[in-house]
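In this document, chain identifiers A, B, C, D, E and F correspond to the written order of the chains, with residue numbering beginning at 1 in each.
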Amino acid sequence: MMDVLVPILTMGLLGLFFSLGLVFAYKKLRVEEDPRVVAIADILPQANCGACGYSGCRAFAEAVVKGDAPTNGCPVGGEQVAAQVASILGEEAQALVKKVARLHCRGTKTAAKDRGEYIGVTTCRAAHLVGGQKQCSYGCLGFGDCIQACLFDAMEMGDDGLPRIDENKCTACGRCVEACPRNIIELHPVDQEIIVFCRSLDRGPLARKVCKNACIACGICVRACPEGIILENNLAKIVDYKKILPEQIPAIEKCPTKAIGRIHRASEEEQAKTNEKQAFAP
Amino acid sequence: MKKKTFPRGIHPPGGKEWTADKAIEVLPPPEKVYIPLHQHFGQPAQPLVKKGDTILRGQKIGKAPALFSADVHASVSGKVLAVDGHPHPLGKPVLAVTIANDGQDSSSDEEEIPDPFSLSPEEIIRRVKEAGIVGLGGAAFPTAVKLAPPADKPIDTIIINGCECEPFLTSDYRLMKEYPEEIISGAELIRLATNAKQIIISVEDNKEDAAELLASKIQEKHIFVEVLTTKYPQGAEKNLILALLKREVPRGGLPFDVGVVVQNVGTTKAIWEAVRFGRPLYQRVITVSGSGIPEPKNLLVRIGTPLQTVIDFCGGLKEGVNCLIMGGPMMGITQWNLEAPIIKGTSGLLAWSLPPASQVFDCIRCGRCVEHCPMGLTPTQLAKYIQFGFWDEAEAWGVLDCVECGCCQYSCPAAIPLVQWIRLGKATISALKRKTV
Amino acid sequence: MSLSSRMVIVLTAVGIISGGLLSTVGILTRARIEANRLREIEEAIITVVPGAKTNTKIYEEKDFTVYTTRNDQGQIQGFAIYTAGTGFQDKIVLMFGTDAEINKIFRLTILDQKETPGLGAKITDKEAFLKYWENKDCSHPLMLKKPPVAQEELGASEVNAITGATISSEAVLATVNASLAKLRSLIQAGTIQIEENNGQ
Amino acid sequence: MASKPLSQEFTKGLWGENPIFRQLLGMCPTLAVTNAVINGIAMSLATSFVLIFSSLVVASIKKLIPSQVRIASYIVVIASFVTMADRFLAAFFPPISKNLGPYIPLIVVNCIILGRQEAFSSKNSVGRSLIDAFGMSLGFTLALLVLSSIREILGAGTWLGHQVLGSWFEPWIIMILPPGAFLTLGILLGIIILIDQKLQRSK
Amino acid sequence: MELLAIFISAILINNFVLHYFLGICPFLGVSKKIDSAVSMGLAVTFVMTITAIVSWIINHWILIPFNLEYLQIVSFILIIASLVQLVEMFIRKSSPPLYQALGIYLPLITTNCAIMGLALLAALKNYNFVETVIFGVGSGVGFTLAIVLMAGIREQLDLADVPEPLKGAGIALIVAGIMALGFFGFSGMIK
Amino acid sequence: MAETTFIIKSSPHLRHPDSVPKIMLSVIISLLPAVAASVYFFRWRAVVLYLACLAGAILTEAVFLAARKKPLSTLLDGSAVITGLLLAMTLPPSLRLDQAVIGAVVAIALGKQVFGGLGHNIFNPALVGRAFLQTAFPVAMTTWIPPVTKIINTATYATPLGNLKFQNAVAQHTLTPLKDLFWGNTGGCLGETSALALLIGALYLVARKTIDWKIPAGIILSLSVFTGIFWLARPDKYASPLFHLLSGGLIIGAFFMATDMVTSPITPRGTIIYALGIGFLVGLIRLFGGYPEGVMYSILLMNTVVPLLNRSTRPRLLGERRAKK
């Protein structure tokens, strides 16, 4: 009998002791965690990219619950996540226009001359430190720091030496914008069709000399659409893309160096084609 | 007695024999000069002239907008052709004044002062500032700022830096040989301006004759000539102060934190000329050398002279030259555009043909970079931290203390561009800091 | 019911149930495990003292246990000594048998060891090691023969080392020699008295 | 937790969420007992027994347990089954019990088991939990089998005690020693990730 | 001498991680940074020492006298779990900075087989009280040594060109293997 | 604008003439005297072992480089050749060829390439290979033959250190004469026996500044002090420091293996601790451990500590406060 009773007693006592300890712990040392934080953190994409301005998805969730961050603060998640987050907090989703990254340079391998043979660290930032290997001091260096920075595989280096951005994959996280030492990537609303593909502040002749596609500040585009486009520091600048009317676009596209023009957006067919190609790529 | 020096450092080949005995020649002022308004540490100067103006040599054409900046003066007399972007040796085009030389060389120098040693410190500094003098030793730091340290940092020692530790360069050496009195007088002016007690003129032992010449001209008891071991970077001010005075400039600090002002011999001579003759800084001595130059020379050139003119004067570039460096081989900047002008900070122009780039290996952790870094850094670790984006670690390991002397990369058997990585790190870290502040 | 009391009750209940279950398991297996353990000792004693029928534990301390063994006639045959020493990696636990005069080692067996497999672990191998220990004269301390020689060439109190595992071989040898010395001194001191324990 | 088809609940333990190769759980027994296939098998059987029965019990009593004493109760449940396994081996297979030494009792802290209770059984039905437990057990067994086979064959030239490599083969003793365990598992992990990458890419 | 042997052996020869394969999960998981490895090592050493004491008491005062050795597993694990919790609460109350440094590792320790292994091995080896304590401290130091060395190496490997599939656990295991090879040098040192 | 295109790069624009391949080549050259000595003492066995190890090492390196799509030109840097050579030099002359090849493959694969190749490894690759072999084939790795120059009439033969450890050589007065150790007329691993040949090569490396002389000096110092203390106390039991310095793998280890740049610290202070640590461990293992020789283990163990040493012995920056730690 003892053989059975003693172990039962021992175990019972152990259990009792242990549970009392836990009760004590539960009573004394409870850490409240807001269930909403957990719920929101679950919804977020968990890319932890920091585009929201917080140190990670979880930090963002905490900030949203506290009211420090807007519900649509996660550009990666887009509208869908914003809506879900808002519904947890009981708010209406704030409207969010999808943005994408755009490259403001057309200094392709053939258009923009090299200064000379570059020897050294093959990143844009490093090359930029020694002035870059391109004669143009403003254009794309083509080592693809932006591509490295993109967590979403939305960029690739084109054959022309300029990075290409896949509109569909881009989440507007802005990492490429940060990465580029020449500040030639910017986020624009996806429906903005007209882009200035140059950032050179050099005066026309100098700019022209180093890159065939540079903006030479001739003012043709400004004349075509004075409300939407201005010249500033030898460079055309779009002040408000909504003021560019469709019928003005042909005139804008008369730009002699094509430094301003319509963004080439892949049509759905083309998109399908590239997808297919990718599928068969080794 | 054992000659003083600092720990670590390297012994690169000298290359000084090419030009050491070439007396300073005057390069005739070119037909056009391009004077950038930004040639110094700090903010660019603001233009005071416009296209079409007629100006005199020495006339102020750019005005310093802030304390950390310097005035810019015309180096020839003539007509302003443009105030416009022009290629700059540092890479990006900057605003420059293009002047067509009228050949008159009519000057607008300020009045001469027969006895400059009687001037008040304030007046000396004012004249230095008016002359647009910046450090000619490389950093192009506005000299007037350096001469007026904060009141709580008394200066006791002036070091005149005649080390010229960069290989190939001999312009400082020629200055010491040809203008010893001017340098000594300039040093005395600096001492008066800063109220210091003693002056040390430091010269490396590969220029012993210059040191002897200087010593023979000194009458005052508070001026010494100190001959140091030839070692790169003997001329870097923190190492120089350590070698001469056994004082360590604290991390992130400046020489005045340990009561010292360091000035290059060229700067010292320029100070003398500015204070004594009211002559602004519109010319300087440079060394043109290297195996790609048919006639290596030491030249007195006007600021704004295009590189092409300088090279042509020395016989043009030889066949096969593929590397053109402004400055010395250790810290100089590669040039690609011969339209770029000589600026105040240009100490030399070197040309040679480099063999095809040597293969870069992964770091083999030989530790030679650590062994030679004069600042006590661990360059290989810094470079790796930077390569992998560990900015905090890189900063904790002292990346911001690097003076970019290049000793590490010189000694690296794996040919790793360490200095470029470190520069990248310094740039990124300062950018991040600016963002978080 | 409050949460706290539920916590206490549930955990206590879980404990009690598990205690009950385990006690059953414990009781069911206890006899067998104990038997396993005893059988191991028993078998070892029979191995090291051939023909042993019964044995008696007459002395026990840490890592040193002495049994006397008797044959089927009830005569004392000698001692079985259970002992342990440090080998190459860890403890080597072994047992050996001697005659009553402690002049001769009958046999040796290794009960537990963690020596290197294929090397030191060969001490458990009869051909490589144990057979050299049969019927050795132990009136003097035993000696290790290195490099090993044929069995016939071994001296009366010499055993072969294992090539490549001298340390393990040494360890066994040292343990045996030390145990013998200890046994003798215990007998001399009268702590172990064979006759008086006869009666059992 | 989104419910998967039952078959997937089972197969995920084999490859996608293999407890050893993917989740890196329960590394200690994995490394310690795989010096011989027989030990590996015994270990995986014992572990599977504990895992399956604990999952069963936990899944059935999960509603009764307040979440504050969840872990503690699971531990008691697991420990009880481990004790049973341990006593059973000691009673009926003493040599194996001796070989495995303290590693059978250590099943109690095997992260796989507690992990599965926490992550799965406490949230799923009894049936689903059982399937999950079976899958995980099989994944664990498979991993131990692979590892112990490599180690025994190279380290002793045998498999389950049978000579498989000819007498020309001189065993690599290192394989049955601790360094061999670490090295083999390390390389194996690399290979598995490599294969997985290839699979992903070809998808 | 005996005690010194147990101590040295626990650290260098029969190292918990490299020889017994105990505590591999934290060894792999918390060895990415030296700082956290040191904290983890200290936390483990601390808990090991206490566990050694308490488990010896339980074993020798309750389980053995009442013939309840088969309850070792259950009771040890419960003891460890509650101990860890108690220690955690205690540290949190008494020294918040220490809690910041160590506290977060404590829950991890509960399911760490090094602790449980210690209790079981000490029972298996039949150590007396003092020996058990020395064994506990030594094993903790051994664990700390291994995990800190590993963390140092892994910090360096962060900056190395390790092949993609081996990154993380794979290379860590290989390093552990070579470390174990190196530690063989100490074999046979304790006679 | 001139037509010539110029190079764009960051300063400095000068380089010391030493490069990785040159360093490696100098090490290979410095090993040649010892290689020649081993061929003299062990004849064809030495030759085939060298060939086997070199082939194993170079082929493995090539396979990995190809698999990782790295330029095969790095094969020519010579580091794999050194690893193969040094591995062969630390093997017993009687080792089977297939085992030697396994060692070479392991050395390069597990010792070097899994970490990322040249420069990334933590442990000395040749010694990883040797440690692997020692543990995989302990008997083969501790079976020795005498050099052909030594006539011996017993079937087995012990190395000087084995003799010391297991045959109580000091007390028995059978210690190998120092003269034999110096010339190499004794048993042991291929390349370790002739102190003279090794020292010639080592001198070249020191003179050329390929290796940091402080490492061998530190090892020799701490081993001498350690063994010297015991020798002075009990000359009838312990061998002299000189014997310890000349026997076993100490010279080859101290001058050629501990000095491997990749696996030794990069900081000056770290280097000194590393060297002293190796010497101490060698003494500890030789005098009190289970093995007669501890050079390999000591170097591997200190390799383990190198990352921590590098971190804790960072040089003091110019201008950094001394007091602050």
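Simple rule for what comes next: contacts are C-beta pairs under 8 Å (C-beta built on N, C-alpha and C of every residue); 3 or more make two chains touch, one makes a residue touch a chain.
What you are looking at is a predicted structure, and each value in this text was computed from that prediction instead of being measured.
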Target subunit F, source subunit D, minimum contact steps: 1
Chain pair with the higher count of C-beta pairs in contact (C-D, D-E): D-E
Taking each chain's C-alpha mean as its centre, the one farthest from subunit C: B
Gap in Å, rounded to a whole number, between the CA centres of subunit E and subunit B: 59
Between subunit B and subunit D, centroid-to-centroid distance (C-alpha), Å: 69
Rounded Å distance, subunit C centre to subunit F centre (Cα mean): 44
Subunit A and subunit F: spacing of chain centres that average the CA atoms, whole Å: 52
Subunit F, residues touching no fewer than two other chains: 5-10, 110, 114, 116-117, 120, 132, 135, 138, 290, 310
Residues within subunit C bordering two or more other chains: 3, 7, 10-11, 14-15, 18-19, 22, 25-26, 29, 88, 116, 118-119, 167
Where subunit A touches two or more other chains at once, by residue number: 3, 6-7, 10-11, 14-15, 18-19, 22-23, 26, 115-117, 119-121, 126, 129-132
Complete list of chain pairs which touch one another: A-B, A-C, A-D, A-E, A-F, B-E, B-F, C-D, C-E, C-F, D-E, D-F, E-F
Residues of subunit C that touch subunit A when the two form their complex: 3-4, 7-8, 10-16, 18-20, 22-24, 26-27
Residues on subunit B engaged by subunit E in the complex (per definition of touch): 362, 381, 384-385, 387-388, 390
Residues of subunit D that touch subunit A when the two form their complex: 68-69, 72, 76
Subunit A residues touching subunit F - in the complex, by the definition given at the top: 114-121, 126, 129-133
Subunit C residues touching subunit D - in the complex, by the definition given at the top: 3, 6-7, 10-11, 14-15, 18, 21-22, 25-26, 28-29, 32-33, 36, 40, 112, 116-119
